[in-house]
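What follows is a pair of complexes built around subunit A, which joins subunit B in one and subunit C in the other.
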Partner chain A sequence: MKKTFSYKMNIFLFLLPALLLFIGVLIAPIFLSAYYGFMNKKGAGGAETWIGFANYTEIFTSTSLGFGKALGNSLLLALFSVGIQLPLALVLALKLGKGVRGERGFLSVYFMPVLISTVVIGQLWLKIYNPDYGILNQFLRSIGLGDWLNQKIGVWGTRAAWLSKTNPLALAACFVPILWQYVGYHMLLMYAGVKSVPKDLLEAAQLDGCTEGQVNRFIIIPYIKPILKVSVIFAVTGSLKSFDLIYVLMGQDKNPCDVPSTLMIRMLFSAKRYGMGSAIAVMLILLCFAFALLINIVFKDKEVR
Partner chain B sequence: MKKLVALVLAAVMLLSLTSVFADAAEEKITLTLWDIATESDANRPAYNAALAYIAEKYPNIEIKEVSTENQQYKIDIAAAMADPSTLPDIFFTWSGAFLGDFVEEGNVYALNDVYANLETKDSLPEVMLANGTFGGKSYAVPLTMNIVAMFANMDLLAKAGWDKVPETYEELTKCCDDLVAAGITPFGCSGKETWCVTEYLEPIMEKFVGAETLGNIFNHVEGATWADADIKASVDAFQDMIKKGYFDANGMSLGNDEVKANFIAGKYAFYQNGTWNCGEVNKAGENFKVALFPVMNAERATYKQVIGGPSDSLAVSAHSPNAELAAKIAFELGKEICHAGYLAGSGLPAWTPDYDTSEVLPLVNDVAAIVAEAEGMVLFGDTAMGGEDKDKYLAYVDQVYSCELDGQSFMDGLAGDLW
Partner chain C sequence: MTTLLMNRNAKIKASTGEKRPVTVGSVLTYIGLLFWAFVSIFPVYWMLTFSLKNNAEIYGENVIGLPRYWLFSNYENAMRVGNISRYFVNSTLVAGSTIIIVLIAAFMATYAMTRLVWKGRKMMNKFFMLGLTIPIHASVVPIYIILARLQWLDTYGAIIIPYSAFSLSMGILICNGFMSDIPYDLDEAAFLDGCGVWGIFFRVITPLMMPAVATVGIYTFLQCWNELMFANVFIKSPEIRTLPVGIQALCGQYTTEWGPIGAALSIATIPTLLVYVFLSKRIQDSFIAGAVKG
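This part shows the complex of A and B:
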């Protein structure tokens, strides 16, 4: 008995530093954010006043705050991630996983954007989108789309200014680099899954006369479903938390490509509304948990069936 | 003999002790400095010169500098205020409400005592400390003083048949029409950085309502309100210029550095921005002139009313373990940045020059002449206003530039949301 207790005590003691770190770095800030979310707190050292759910009410009712639009942008990004990014990653993983010439080289090339700093990627795409010398506009002009680029949008501005606040395509222009950057990441996860499919299963299917498409559909994809679930969770929660590329491409001021994280930063450090910024942070945490749970339920349901 | 040995030993010990204390006295003190003088910033050479001066004068003080781009800096410094232990010893700040918020949070060191004992006090007139003074205490070391000016590329104006910078609004619109007809874009303005839009809108508002009224509105003086028909008229006039194609449509998606580079490269005829750009513009050639935006309503405003004032400053963290020393160094740095910046063309001096000024750039001299004759000076709106008020104001300005709001909505919105 004493030995068992001592054994458990040892486990506890060894786990304690990590636990304290986890509580201090992750759990405590979440609770602090939740606490500040109920406060009207102006600036870092400003006075705190308890205002209950007023910040949350404002999040859902204020049109000038723009949380609804920001959340809508994030959900649209999540939709594109799941609908475009993941299928593309899956196709690449299936192709590379079955062994093609230069497999390692392709893997490195597709994974490279994940390794590059987001700020560098942002600067790279800023140059690509530059209205005057950007390679995108040069290409479009070279294929005869110059007139389309020079068309006016609304009162003023042209399509050529991809990242202009008045360009309805600005959101899509922001999404492209985000989707491009993480295709390689999801591809690598799925590639590892494809590689782990037992060879005898694939050989048996081939002996039974299955086509490549049937092997993919009935053997590989069901086999790597747990990995697909993880990828979907990462893609959706990543979209909800998206910040860096949009921040670099569109700047810190209010813009039509705002997502909840950019709004949160502006509330915290520009408007100095710590209470509101914290409330947005709490909303983000809750949304990420809710979507992760929902995806788990959807996949569990399919696994049971 | 024994006594002699003992004496020698004691002397050696004493000497070694002295060297220990001497080492301690010369121990290096590291001060951190945060600023916005990035490589592309007009003030970079001035900071280099000032830091070199401090390094030579105080070999035991090491200054670790971190420079961040203007927009990002505002976020970084505000984030550091949330956790004062991460604050640098000395930091760049804009005076007015921007600094006032930090002072209110108790994060800024009051400089009165250090200023009172300053050897160079005579070259820093007390009036220059006014924008950084709150509750009778001074918190900011002023660097340079800048105003918003309209830079003009005379070569491009000549192509449109103009040999002078337009002085009236009628002349300006005629000149812009001529430029457009000649295939030249009159103005460039970054739509990505809203403060750049204020560099256009604020002088136009001032030239409609007058410096006193605009200053009262920005500073929320009792009775002052945005609900002024001339505020509406100024927005309408600005948007009229936009709709007539006077502004580069691509500017909406460009940052200020890109717009400035375009102007210097000869893409736009005019560029309205802070006079801290004088050095860069002057370096690009002798074909540039500096002027003010013309009067829009002569009954309330005059040509010589300007937007600007001493705003760029250094402040010291109240949480710095070496706050007093940091304050002394901040004053010395401030004076040197001012000195080098004035000569390099990044602004007018907040400190009275006690050096040879014969080498001052022609554009800076022109700005100095404008300031000397100024009939009113209004501090930048986003500096005068703080926190959420500033953000609301900038959000409205942003919507004006993208023409989502007209003059009436701008006026009504700000009168409703602010005052």
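This part shows the complex of A and C:
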């Protein structure tokens, strides 16, 4: 019997479809990306010439490419994500996790935006930000801020547009839907963590006269630290990789809200510079990896203390 | 002593949430929770209502109320003029094929890694789990170049295959959980009855894996139904566009007709919402599992 279950040919055949997909689409392209990153390659069938680190030097030095600005934007998003989105998610998770009426209902509603297509969300927020008929401007006018909006027309362009390229608040306007959409995701992870805290631990603390704040601070938050770490990693790497909503809200052309991924796609589409596109992809992966490592170290430090 | 005990019982009751006194704090908490629920749901509510309104209502007469006249013709317009029905069929086709491929590949690989005996199966599992952390950004450029060389751009396969690969790790993760729970005695019994490994796979394991089909299916569906980057880069011709790309194009073309656009957005969202209403717990669980492992 043993023999039948460890017959090499069968094992190989069972693994074959998964391996083909996995190596062909996930593993090999990583190496290809690294390879193309050292190439000057124009167009899919175009000639390849080895140019060493030239793409990377251009990424770091060229101002016309705008990688520095794009990276800055995504790091700012990461900062907002960790500073606003995660605390909000944590507060919601702590409240829900301790049991309130309608707990499941709240949970499901909070998580719902995560499942909606980012294109749909982007188009919806485009409508919300619409200068004439968007509910944001209609709301501002209805509470008497119409004059303020009118003043901004000269600076921001037509009828005070939130997403215009000259509006310094455009970046913030892009961040709002991104942060809004994923609060529920982080909340769900943290909620699962809060639920996993042993009940007797909480009861003991309560018998000792701990207030709710103390229970949160000294028992639940330390207990769910591994999950908080995962959330922070996701928030930071997710911000670095952000693409969909910025692309939908700001369009394909060069704009002040660019992030590395939109640059990468532009290298493919408009510039046909595949080598440079690959180099940006490699930078992104390395950055995500480095930040994940860094966050791991920071959290480990705290555990020792 | 009795008072002390009663006190203790009261405290335990309070902590387990059987009965809670109404305090200012709890009311404020509730208001806060309701406020965020409102913020989460409002854009969707707004989308569903303006998809049924005419421009006069949307533009000022009735911005946030329920529609006065329910204009289902908006949906008809989106379907017919906006080509949304075509995109809907494409998205369904792509999602369906992806789910089938992921299920087959994941079932087979998981079978090899949980039921067959060989050195290195743990390593192989870890190898597949790497996929949970690889971002799709890493492969857009190379896959695009490969597809262009093979003249495969602009086909359904150009997105089905990458989607399958990127959903595979999660599929294997979920299948692993389910398949390890199937008692190994069954394999042995089937073997004694004369089944080979393939017989056991098809006749014993696969029929018992139906709960995994649902979970893997939902997760994969959500991944490819909403995906934009691949679909946007690999597909150019309107006949093959999926919903996210199609909606992008539609919204770029018709900027003033908000009703039909709202209808198009709703058509793309309603299937997801329906799945979510019926299977919210399972969907949430699969997201938690993916995050904890990844």
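We adopt the following convention: the second predicted complex is superposed on the first by the 276 of 305 C-alpha atoms of A that agree within 3 Å, B and C clash if a C-alpha of one lies under 4 Å from a C-alpha of the other, contacts with A are read in each partner's own complex, and residues count from 1 in each chain.
Rule of thumb we're sticking to: contacts are C-beta pairs under 8 Å (C-beta built on N, C-alpha and C of every residue); 3 or more make two chains touch, one makes a residue touch a chain.
Just so it is clear, the structure is predicted and the values come from calculations on it, not from any experiment.
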Clash or fit, subunit B versus subunit C on superposed subunit A: clash
Subunit B versus subunit C as contact partner of A:Lys165, first or second or both or neither: first
Partner chain in contact with A:Thr63 - subunit B first, subunit C second, else both or neither: neither
Subunit B versus subunit C as contact partner of A:Ile285, first or second or both or neither: second
Partner chain in contact with A:Ile265 - subunit B first, subunit C second, else both or neither: both
First (subunit B), second (subunit C), both or neither touched by A:Tyr129: first
Touching partner for A:Met250 - first (subunit B), second (subunit C), both, neither: first
Partner chain in contact with A:Lys42 - subunit B first, subunit C second, else both or neither: first
When both partners are placed on the shared chain, which of subunit B and subunit C touches more of subunit A: C
Subunit C clash site on subunit B (candidates 60-68, 294-302 or 330-338): 60-68
Doubly contacted residues of subunit A, that is, touched by subunit B and again by subunit C: 44-45, 132, 265, 268-269, 274
Of subunit C, residues touching subunit A in the complex: 8, 11-12, 14-17, 26, 29-30, 32-33, 36-37, 39-41, 43-44, 46-47, 50, 58-60, 63-64, 101, 104-106, 108-109, 111-113, 115-118, 124, 127-128, 130-131, 134-135, 137-146, 148-149, 161-162, 164-166, 168-169, 172, 187-188, 191, 196-198, 201, 222, 225-226, 228-229, 232-233, 243-245, 247-248, 251, 258, 261, 265, 268-269, 272-273, 276, 280, 283-284, 287-288, 291-292, 294
Footprint of subunit C on subunit A - complex, ascending: 1-2, 4-8, 10-11, 14-19, 21-22, 24-26, 28-30, 32-33, 36, 44-45, 88, 92, 95-96, 98-100, 106-121, 123-128, 132-133, 135, 138, 180, 183-185, 188-189, 192, 199, 202-203, 206-207, 227, 230, 234, 237, 241, 243-244, 247-248, 261, 264-265, 268-269, 274, 277-278, 281, 284-285, 288
Residue ranges of subunit A touching subunit B (in the complex, touch as defined): 42-46, 64, 129-132, 152, 154-158, 160-167, 170, 250-254, 265-266, 268-274
Contact set on subunit B toward subunit A in their complex: 71-72, 74-75, 78-79, 81-84, 101-102, 104-107, 191-194, 242-243, 245, 247, 249-255, 258, 262, 386-388, 390-391, 394-395, 398, 402-403, 417
